[in-house]
Amino acid sequence: MTGFVELRDVRLTYGGKADGTLALDGLSMSVKKGEFAAVVGPSGCGKSTLMKLATGLINPQSGTVEVANKEVSGPVSIAGMAFQNPSMLPWRTTLENVMLPLEIVQPHRSRLKSEKKAYIEKAESLLELVGLKGFGDKFPWQLSGGMQQRANLCRALVHDPALLMLDEPFGALDAFTREELWQVMRDLHGEKQFTVVLVTHDLREAVYLADRVFVMSARPGKMINERHVEFARPRPIDLTYEAAFNDIVHELRGQIADARAAA
Amino acid sequence: DIKFTLDWKFEGPAAPFFIALDKGYFADEGLNVTIDTGAGSRESIPRVATGTYQMGFGDINALIKLMDEQPDLGVKAVMMAYERPPFAVIGRKSLGITDDPKSLEGKKLGAPPPDAAFGQWPAFAQEAGLDTSTITIENVGFPVREPMLAQGKVDAIFGYSFSSVLNLKAQGIADDEIVTLLMAENGLDMYGNVVMVNTAFAEENPDAVKGFIKALVKGYLEAIADPAAAIPFVLEHNEVLDKDLETARLEMAIDGSIATPAAKANGFGGVDMDKLAKSMDFLKISMGVSDTPPAPEKVFDPSYLPPAEERMIK
Amino acid sequence: MTNERWIKAAPWLWSIGLFVVWEAAVHIFEFPVYILPAPSDIWGAIVKYWSPIWKNSLQTMFTTLLGFLLAVVGGLALGLAIGWSRAIYAGLYPLMIGFNSVPKVAVVPILVIWFGIGTVPAVITAFLIAFFPIVVNVATGLATIEPEMEDVLRALGAKKMDIMLKVGIPRSMPYFFGSLKVAITLAFVGSVISETVAANSGIGHMMLSAQSQFNVPLVWAGLFALAVLGIVMYAIMAWLEMRMTGWAHRSGNRP
Amino acid sequence: MTNERWIKAAPWLWSIGLFVVWEAAVHIFEFPVYILPAPSDIWGAIVKYWSPIWKNSLQTMFTTLLGFLLAVVGGLALGLAIGWSRAIYAGLYPLMIGFNSVPKVAVVPILVIWFGIGTVPAVITAFLIAFFPIVVNVATGLATIEPEMEDVLRALGAKKMDIMLKVGIPRSMPYFFGSLKVAITLAFVGSVISETVAANSGIGHMMLSAQSQFNVPLVWAGLFALAVLGIVMYAIMAWLEMRMTGWAHRSGNRP
Amino acid sequence: MTGFVELRDVRLTYGGKADGTLALDGLSMSVKKGEFAAVVGPSGCGKSTLMKLATGLINPQSGTVEVANKEVSGPVSIAGMAFQNPSMLPWRTTLENVMLPLEIVQPHRSRLKSEKKAYIEKAESLLELVGLKGFGDKFPWQLSGGMQQRANLCRALVHDPALLMLDEPFGALDAFTREELWQVMRDLHGEKQFTVVLVTHDLREAVYLADRVFVMSARPGKMINERHVEFARPRPIDLTYEAAFNDIVHELRGQIADARAAA
C-alpha cells in the first residue's frame, strides 16, 4: 500500500518553461495515514509549493501526486490548509472566516443551516482554544499578525479534515503561545488521528510534533533526508528540554546546514 | 378599442381629437379610444403599419413614399386633415428674405434633415426656379433651428409654419420681421397630414373606422368654429401648455392648412384624386418616389368618410 | 471639527456658488432666455409648474428605478457569467460592446413598435443603457481577484460556483457599487430619452412639450428636476455602498 | 488547445449566430424593412454606400477620440482630485452627478449656439458623456485602497502627492481601465448624438439624412459601423489594460 | 537629554472609544541615539501598534511620542520601516519595490535621476546581501514568503535611515538564513550607527542583536521590564552558545511567562 500523501519524482517550474523558476525537481515523499509529518528546509526551497501540489492547487510538470490513493489533478476536498500568508477574506469577520470551510465542505455544508448554533459554538470554542476568545466579531484586519495566524489555523481545523496542511502556522507567535498551540495540536492529533503535513522553520517544533521530519534541499527543492522521531505519544512539553530531543534537533540542523552549503 | 397615435405631442392642433374624446363623440360611436403622443409625422406610419396602433395621424407624402417602396404596406389614409401642408421656409426680412422665393438665392438655410418641410425642398426649388448651387444648407437640429435664425446665424429655416413662426415670436422676433414662404402657396400643390388606418383593422372593423372618423370630423368642425374654446380640451391632457400660444397655433393651422378654400368648398376631410396624383410628381423630385407611384385610390380611401354635407365647414 | 462642518456645508456652498455665477453670467452677458435662462427664471418655472413637474418626476422616477433594477440584476448576472466562462466572455462581450456603442435613441422607435409608447419602452431603454457599466465593472472586478483569495476556497475543493459566491462576488462588490453610481445616472438618461420619443408623461415628455411651447425655463426646470432625482438616487447608492463594502473603504476614516 | 481554439473562434461564432438568427427572424416574421432590416439588407447598404460610410466614420472616429482623450485626462484629474480632498469630493460630486443625470441631448443645443455646428460640439458632447464613469471609477479605486499599502509610503514621510502617485494611481488603475471601456462606448454615443443635432458630417449626420430619405438599411448600416468602431476601440482599451495592469489580472492565466 | 525615540505614558485605543480595543495603556520607552533596542512580548500585546506610533502612522490618545527630540504628530521621514506583513506593491518588481524609498526620501529623491545606476547597484547589492540575487526583476507575488520578508528588509534599509523600525523581520526564515541576517544587521549597525527598534518573538535574536531588550505585558501593552545586554560588539555568532547569553534568554523567557500569566 502506498501512503496517504504520496509525491513521486515531482518537478515544478513557475512561469514559462524558458525563463521560469524551477521550484521543485525530482521530489518524492510519502506520508502514511494518521501520520504527523514535518517539512523543514531553507527559505525559498519550495515548501509552500509542495503544499500546493499536495492539495492539488497546482499540478506538477512531471511526476505524480496522490492523496488518499487517488491521483490528484484538481483541488482535493478532504484537506484543511493553513496558508503561509493568512489571507483572510476582509469582508468577513474572523468568526465568519473561520466558518468558511463549513459552508463549502460536505457534510457540514448541508447541515450548516439546521445546526447553525452548534457550528458557531464549535468555531468559537476553536477560537478560544487558540486564545482568540471575544475576537470572533472583529474583522481580520483588526487583528495583530499573530492573531490572524491563529485564526487561520482555526479555519484549517474547523471542518475536521482528514488531511491537515499547515504552512508555518506558528511563525508570528511568541514562544509561549507557540508552545501552547503545540500542545493543542498534539492533543487534537491524538484525538482525531488526522494526517498532518507541517511546514516549519522551527526544528524544535518539528521534532516535538512530528512522527517524521523531511529535510529539503535548497531550490530546486527535493527531499534530502527523512528522520523518524520515535518519542512516545502523548509527548509532554518538557520533552523539549531532554537531551535525546535536542540531539535530534542538532542532527537536523546539521543536515540543513549541509543542504544550504551545497546550494 | 382603438389605439391612436398622434403625429406629435399634445398641442393646439390636436384639439379636435380631444374634443371628440372628452365630449364623448368616440364613446357615442361605441368606441374606446386611447390617444398617444407621437414622435413626428413619419414615425406614426410604421406604428400603424405594424398594428401596434390601429390608427394614426401622419404625413401623407411620407406614406406615399413608403407605399412606393413597400407596395404591401398595411396602411391607408382615410381622412385628410391638412388640405395644404404647413411646410414653409421662414426667413427674416432684415436678412434679405422677401415674399419672393428668389430672395433665397445666395443665402444660408438651416434645416434638420428629418424635417418634412425640408423634405420637399427639391421640388419647391424646382417649382420656384431657384438656383440651388448658390444656396448653402446647414444641418441644424430641431432644438437649435429657431435660435440660430434668431441669432442670424442662418438666413432662413425650414419648418412648419405654425410651429416655427410662433417659436420665433417667442424669441422676440417682431411679427413684421418674419417672412413665411408657405410652399403650398408657391406652387407646391400637395397634401399634408391625414388620418391613417391599418388596412387589416379597417377590413375587419369598417364600422369602427367610420365611427371614429365621424366623431373626429365633429371635433374638427367644432375646433374650426371656435378655436379658443377648443384649446382647454388639450390643456386637460398637457398641463404645461400656454393657452394663448396654443390658440394662436391652432388658428394658424386652421387658417393655413385645415380650413383652406378647397376644404371650405368641398367639405373637410376629403381629397381631390387629381391633386393627389399630381402631388406625386413633386414627390418624385423631392423624395425619390419611383416613376410608378402607388395609385391615389390605394393611398386614400374615402369610403369611410361621412357624407359631404356632414363635413361642410360653416 | 470646524473642518468637518466645512465639508458638510461644501455641497451647498458649491451649488449656491454655481447658481450665483450662473445668474451673474446671464445678466452680464445678457444671454437671451432661450439660450440660457437664469436660475431665477428656472426657479420661477419650478414654482409655477410645480404640479406637473412633480407628477412627471414620479413617473420618470418609477420607470428609471424599474429599468435600473432590471439592469442591476441583468448586469450582475451577465458580469458574473462573463467572469465565469471565457467562452461566454469571448463570445458575448464584443456583441455587447458593439450594441453599447449605438445611441439608444436609435433603438427607441423599434421598442415603440413592439411595445407601444409609455412605460415599457422607457423601462427597457433605461435598462439597456444602464446595464453595460455594471457588466464591465463586475467583470473587471472578477478578473482582478487575487489568486491567493481564490486559493483559500480552492484548497477546500470548492466548486467554481462556490468560489464565485464566496470570493468572486464579495471581492467585486466595490467595482459593482462603483458601477451602480454610474448606472443610475445613465438609467435616468435612458428613460428620459425614451420619454421624449414615446410617452404621454414623464420628465422627458414634459421637457419636449415645454420646448415646443418655447418655455425654455420649464425645459431647464425639467433638467433641474432630473439633476435632483439623480443626486438623490446617487446618494442612496453611495449609502448602500458604504453599508455593503465598508470593509473596502477602510482608509476613509483615517486621520 | 482545442479549447483555446474554440475561445478564439467564439466571438465570430456568436456574431455569425446572431446574424443568422436575425436574418431568419426577419424572414419568418416578415418584418418590413423599415422596422428591422435583415442583415443582408444592411450588408447591401454597406457595400453600396461604402464611401460615405467610411468618410463619415472617420469623422465620427476623430471627434470621438478627441472627446475621449479629453475625458480621460479630465476624468482622471477630477477623479484624483476627488480622491484627494474631501472638500472637493463633498462640493463637486453632487453637482457632477446632477449634471450627469441630465441627458446630453439637452445640452447639445447650448453647445451649438456657443460653438456653431460641426466638430466642436461633438467633441464636447463626447467629453461630457464619457468623463463621468472615469471620475466615479477612479474615485472608487482611490477610496478602496488598503491602508496597509498607503502606510508603506506614509512611513517614509511621503507627501500626499507622493502617495497618490506611487500608490493611489497604480492601485486604482484596474478601476480606471474598467471605466475606460465604458467611457469609450459612451463617447461614441455622445458624438453621434451631437452630430444628429448639428453637424454636416459624421455617422450621426449620415444616419439622420438616411432616415429622412427613408433609407432604413443605411441607418442600420450606420449603427453597424458604430458598433464596429466601438468594438475596435474597446479592443484597444482592453489591450492597454492588459499591458498596464497585468499585475492585477494574475488569476486569468490559471488552470 | 531625552532619547532618540521617546514614548511617554502612551495610550491607544483602536476603533470607537466605547467598544474599541485598548491596545496600549501607559506605555513608556526611551531609546538612545545609535542604540539597538529590541521589543518582545506576547502575541497581540501591541508591538506593531508601538511601531506605528513611533513612526507617526497613528497618534496616541494620550501621552507623547518624540523622535529625534521632536514631537511626532504625523509620519516621520527619517525612519525606515519593515512592516510585519511585507506589503510589497504588487505592480512593482522586487527591485522597484526596494527602490521605492529612494523615490520619496531626500536627498536620494533629487539625486535618483542623475545617479540611477549607482542606486540600482546599491539596491541590487542589498538584495544579494539577503540572498535574493537575481530575483530583482521578479514580482513580489513570485517570491516565497521568506523571500518577501527579506525584500521587505532591503526596502527598509535602502535609503540609509537614521532610525530603523523592524517588525518581526526574520519570522518566516529558517534558522540559518536568520543567523546570516543577524550578522548582516550587526555589521550594518556597527558601520552606520543608526538607531534600531526591533520587534521579535525570538529571544535569542533579541539578545544577540540588541543593546537593550524591552519586555511588554499582554494587552493592553506596557513595558514591564528593560534588560541591558552588555556583550561587547561586534558579537560573534558563537556568543549565542555561551552560558551568559543563555542566562539572559532564560531570564527574559521567565519574564514573558510572568507577563502572560498575569494577563
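In order of appearance the chains are A, B, C, D and E, and numbering begins at 1 in each one.
Throughout what follows, a contact is a pair of C-beta atoms (placed from the backbone, for glycine too) under 8 Å apart; a residue touches a chain by one contact, two chains touch by 3 or more.
Nothing here was measured: the structure is a model prediction, and the numbers come from that model.
Ranked by how far their CA centres sit from the centre of chain E, the chains are topped by B. Top contact pair of chains, counted by C-beta pairs, is C-D. The geometric centre of chain B is 38 Å away from that of chain C, both derived from CA atoms.
With centres set at the average Cα position, the gap from chain A to chain C is 49 Å.
Look at where the CA atoms of chain B average out and do the same for chain E: the two points lie 85 Å apart.
Across the assembly, chain B contributes residues 46, 50, 143, 147 that each touch 2 or more other chains. Among all residues of chain E, those that touch two or more other chains are 85, 141. Annotation for chain C: residues 35, 113, 148, 196, 245, 248, 250 touch two or more other chains.
Taken together, the chain C residues at the contact with chain B in this complex read 32, 34-35, 49, 51-52, 55, 109, 112-118, 196-200, 205-206, 208-215, 218. The touching residues of chain C, when paired with chain A in their complex, are 148-149, 151-158, 162, 166-167, 170-171, 173, 245, 247-248, 250.
Residues of chain D touching chain C in their complex: 6-8, 10-11, 13-15, 18, 35-36, 86-87, 90-95, 97-106, 110, 113, 132-133, 136-137, 140-141, 143-147, 150, 174-175, 177-179, 181-182, 185, 188-189, 192-193, 196, 204, 207, 219, 223, 226-231, 233-234, 245, 248-252, 254.
Chain A contributes residues 52, 55, 57, 75-81, 83, 85, 87, 89-92, 100-101, 103-105, 139, 141, 159, 165 to its touches with chain C in the complex.
On the side of chain B, the complex with chain D involves touching residues 46, 49-50, 62, 65-66, 69-70, 73, 112-115, 118-119, 138-144, 147-148, 151, 153, 287-288.
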